[in-house]
Amino acid sequence: MELTGLVQQSVDWHAIAPELVLAVSAFIVLVADLFLPKEGKWIAMPLAAAGIVATLAAVVSLAGDDRGTFEVAGSATFVVNDFALLFKGLFCVIGLFVLAISFHHFRSGRYYQGEYYFLMLTSLLGGLAMASARDLISIFIAIELISIPAIVMSAMRKGDARSNEAGLKFFLFSVLSSALMLYGMSLIYGLTGSTVLTDIASSIGSIEASSEPVVVLAVFFLLVGFAFKISAVPFHFWAPDTYEGAPSPVAAFLSTASKVGGFVGLLILMFEAFPSVADTWRPLFAILAVATMTVGNLVALRQTQIIRLLAYSGIAQSGYVLVCFALIESGPGAAEANRQALTSAIVYLAIYAVMDAGAFAAAVSFARKGGSYFISDYSGLWRRSPVLATLMAGFLVSLAGTPPMAGAWAKLFVFLATVQAEVYWLAVVMGVNAVIAAWYYLAVVKAMFFDQPDSTEAVEVPYLLRAAMGLAAAALVAVFVYPPLITDLADKAPL
Amino acid sequence: MPIAYFLVLSSLLFCIGVYGVLARQNAVLILLSIELMLNAVNINLLAFSAHLAEAGVPGQIFALFVIAVAAAEVGVGLAIVILIFRNRQNVDVDEMSLMKW
Amino acid sequence: MSDLRFLDIAIFLPLAGALLIAFLPRSNANLARWAALIVTLATFAVSIGVLVDFEASLGGFQLGSEAVWIKDWGISYITGVDGISLWMVMLTTFLMPLGVLASWSIGERPKAYFALLLALETGMLGVFSSLDLFLFYLFWEVTLVPMYFLIGMWGYGRRIYAAMKFFLFTLVGSLLMLVAIMFMYFATEPNSFSLTDMLATELSSGTQRWLFLGFFASFAVKVPLVPFHTWLPDAHTEAPTAGSVMLAGVLLKMGAYGLLRFAIPLFPDAARYFVPLIIALATIGIVYGAVVAIVQKDLKRLIAYSSVAHLGFVVLGMFVGTVQGMSGGILQMVSHGLSTGALFMLVGMLYERRHTRQIADFGGLGKTIPIFSGIFLFVVLSSIGLPGLNGFVGEFLVLLGTFLNYRWWVVPAAFGVVLAAIYLLWAYQRVFQGPVTDEANARIADVNSREVAMLAPLLVLIVAIGVYPKPFLDRINPAACRVVIQLDPDADCSRIEGVVAPRAHEEDE
């Protein structure tokens, strides 16, 4: 056997600088935690934040570059381009945001703080690696790197049976989905003889017709595997339970970073490797998207607990992103249409991550002191804490896709792309779902502003959380006013 | 040996694994079933790597990664199972219903 | 054209003011009040600049600006006014400071209240100045939110029910409009939301009809035309005074404005097709609103139903296909904004004094508060359409315009004028004349200086339009003409005032 592509090659250290910095930071946090006194454990958080900021600096230093490294048979398996950098930046921002949510929660709750921050950085590292991964092996490694620390994070409250349960459910679904995904990957490898996406793309279009069912089967397995990660219906059962049982900041992390990580992997796979056989798998995505939106929204209607509401709303939001996959076309002339679908998906993911993280931050702030996770307790919040109520309303309004928040653009762009691709029935389903969703988001807003509060006690929100939520809300408004802030980035970010 | 033999073996293993995941109640047995599925994947990868001229070694490397990651997963999984056993004295997933599904 | 973009400043100045108010210290409520007053007055001053710069002789839209907003999807920021929107903008900026004055005594969370009021102003001004349908839709929805909160949080009685009803009616209507806008967008080549581009798009008359109905759904709810009006009495009755003033004065006009800015020019064939239906609905509205107003026991509800009748006149004038009708309808929008705005303010003052709006609770107020009742009578007369006051000019032109094309429809419409005299004067009589039956009515105070300050400008304009409507009509007529010829290509635009010779062929006798 010839060792093709495995010759000694030089590594482009600058290209992998963000990952390296983040990995080193994670270890610094872990080691520092060993030597920190018990009352000083919280210092792990600023350390982690500094690590993420350094990572962000490394990402920025690469801005505009287009390079690759770790070549197999002449194709880079790790690329740095606008797409990768955009998502690396997004992961860093989400990471900082989740740190802000976590700080007070973990400091007050007798957790293993140092380990938590280490795990979070590691999981984030998976996200960063995912954005650059361009072959099946790296995608697999990246997704596991995201998931495994996240499993431990959700079981973080060791003594709490709910947290244990959250962790176990997440673990079983995660491992099962990995197995399914791997089986699909192994079939792809068998069909094309390569694990590098560009090679797969070039050879999968020309396979014999008799092998086509195998392609469908392989993509189906891949899709099912990712469907678990992004909590698409009918593979979503773990998500609400895990979000509810896990510490809430972890739920925020799962709902944003982890989910976006899954989507990035799916985007890379579907837009890079399989567009030439899009006709065979497009219906799968259409069905998945419709089921995910509709079930997510309908079940969200009857939730009484804010984290579960956000979990189901997050499921529904995944559905809108999945719509973009159902628009991928094959054949010549599809490039422009696919670019539009990709841009819509990128914009949606970026805006979704910020608004969802914001909503989780508001929920955590409210539950901290003087409040709870029950939606009924949000009644009259405006009279108790006008700022918190306004911020929460802003995030929910954004999630509902209503002006004056960026969420409106996210939905609109996907909708326009759907109509442009002439998939009218999907556009109609989206529209109906947007109305259903507006109902439950606005019900919370209505309760906060119109109903009478049970208590008059003000809800105290720490400055860190205030600053984080304020920035997120300001960003959402800014993007609403001037969407090119994000669309320009997404436009010039092809895979 | 024709490659079909390996593929049939691996798909059988995979199906047994899926059945085990769906039918077992004990968390450890579910974990074992998932391991079966992962091994089916490894057999696939190695068979393709050995039989297809153009496939080369990536399949074998992939299998190594799968083994390594599976080990990490099992480590985490067993830790959680032990945690749950400590808290509730059993690891039956049907009784994991503190939160509604 | 002036270099200073007065129009764009006027649109966003209130929003900036709203942000400013949101960050004022909570402890000093007076600060928010004064800030709101100053911002609204400044906006009015800026809009005077728009009025001064406006050249009636220039055709089309002017004084606006244009910028690409989202290139990929053909969404632009395009503003501009013509003789129609100019007066709508002026009406909005004029009523706003008065609305702030009328809300002076709001005690609960004044900061949020005034911030929302200012945000509402930006939304309304944006609706009247947008020339990009996406932008228009956005502002259209933006007005919904502050109004929803104003009614829901500072309203009376069944405020949450009223707010929800208002919200849902308007939302369902505007979603249908959104679908129509989207369809237009994809029908336009290259895809664009700009009104000018859309106007250049040819559509088959079958398509036009469906799209017209989509727009009509939204506008008919807002106007409101019978049978889409049921949200209005509730919203009006439960809204705080400034909310009612803005609702009647400006928000309802958005519906009528939308019809003549978008629905008619974009879908002229469909508009012509639906003329009989709309005229019928408008006339039904005139009579129905008046009849229901007669039996109302609540003053605010009575005025709300009178709005249904008055807006019926507006829509009737717009669709009869004559310049007189169109100009009259537009002037009637302004007049109704002034008269009904004043009426809601007056009822608000009564409510502040007596904490009731039931007609039966009053009686003989003319003796205890003579100045107040004098002003009330004056406004009532203007609303009825007494010659020499503002209401007359618009109603007369509408009736004249209707007579020219649809002679027999004048009968029920004129009957509506008579009914208006009945319900308003009868209500006036029950409230202000007769003996003072309730001890509480004997002790209430007459108007104070703040109230005079907010009523005086209205009264001046009521007289001014009634006596000398020429400056208004001069600017309205050219713009009105451009819309009318869409409905009736033969409409005589050469002579605008005075009686026009009967046309050669009558379409409907």
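Should a chain be cited, it is by its letter among A, B and C, assigned in written order, with residues numbered from 1 in that chain.
Methods note: a contact is a pair of C-beta atoms (placed from the backbone, for glycine too) under 8 Å apart; a residue touches a chain by one contact, two chains touch by 3 or more.
Since the model is a prediction, treat every value here as computed from it, not as a measurement.
**Student:** What is the identifier of the chain with the smallest separation between its Cα mean and the overall Cα mean?
**Tutor:** A
**Student:** Compared with chain A, which chain's mean CA position is the farthest off?
**Tutor:** Result for max centroid distance from chain A is chain C.
**Student:** Counting C-beta pairs in contact, which chain pair ranks first?
**Tutor:** A-B
**Student:** With chain centres taken as the means of their Cα atoms, state the distance from chain A to chain B in Å.
**Tutor:** So the centroids are 25 Å from each other.
**Student:** Provide the C-alpha centroid distance between chain B and chain C, rounded to the nearest whole angstrom.
**Tutor:** 68
**Student:** Using mean CA coordinates as chain centres, what's the gap between chain A and chain C in Å?
**Tutor:** 46
**Student:** What residues of chain A sit close enough to touch chain C in their complex?
**Tutor:** 340, 343, 386, 402-404, 409, 412-413, 415-416, 419-420, 431, 435, 446, 449-450, 483-484, 487, 491
**Student:** List the residues on chain A that touch chain B in their complex, please.
**Tutor:** Of all residues in chain A, those touching chain B are 1-6, 72-73, 136-137, 140-141, 144, 148, 151-152, 155, 158-159, 161-162, 164-169, 171-172, 175-176, 178-180, 182-183, 185-187, 189-190, 193-196, 237, 240-241, 244-245.
**Student:** Can you check the complex and tell me which residues of chain C touch chain A?
**Tutor:** Its residues touching chain A are 69-73, 109, 112, 138, 141-142, 145, 149, 152-153, 159-160, 163-164, 175, 179, 182, 186.
**Student:** Given the complex with chain A, which residues does chain B contribute to the contact?
**Tutor:** 7, 10, 14, 17, 21, 27, 30-31, 34, 37-38, 40-41, 44-45, 47-48, 52, 54-59, 61-62, 65-66, 69, 72-73, 76-77, 79-81, 83-84, 87-88, 93, 96, 98-101
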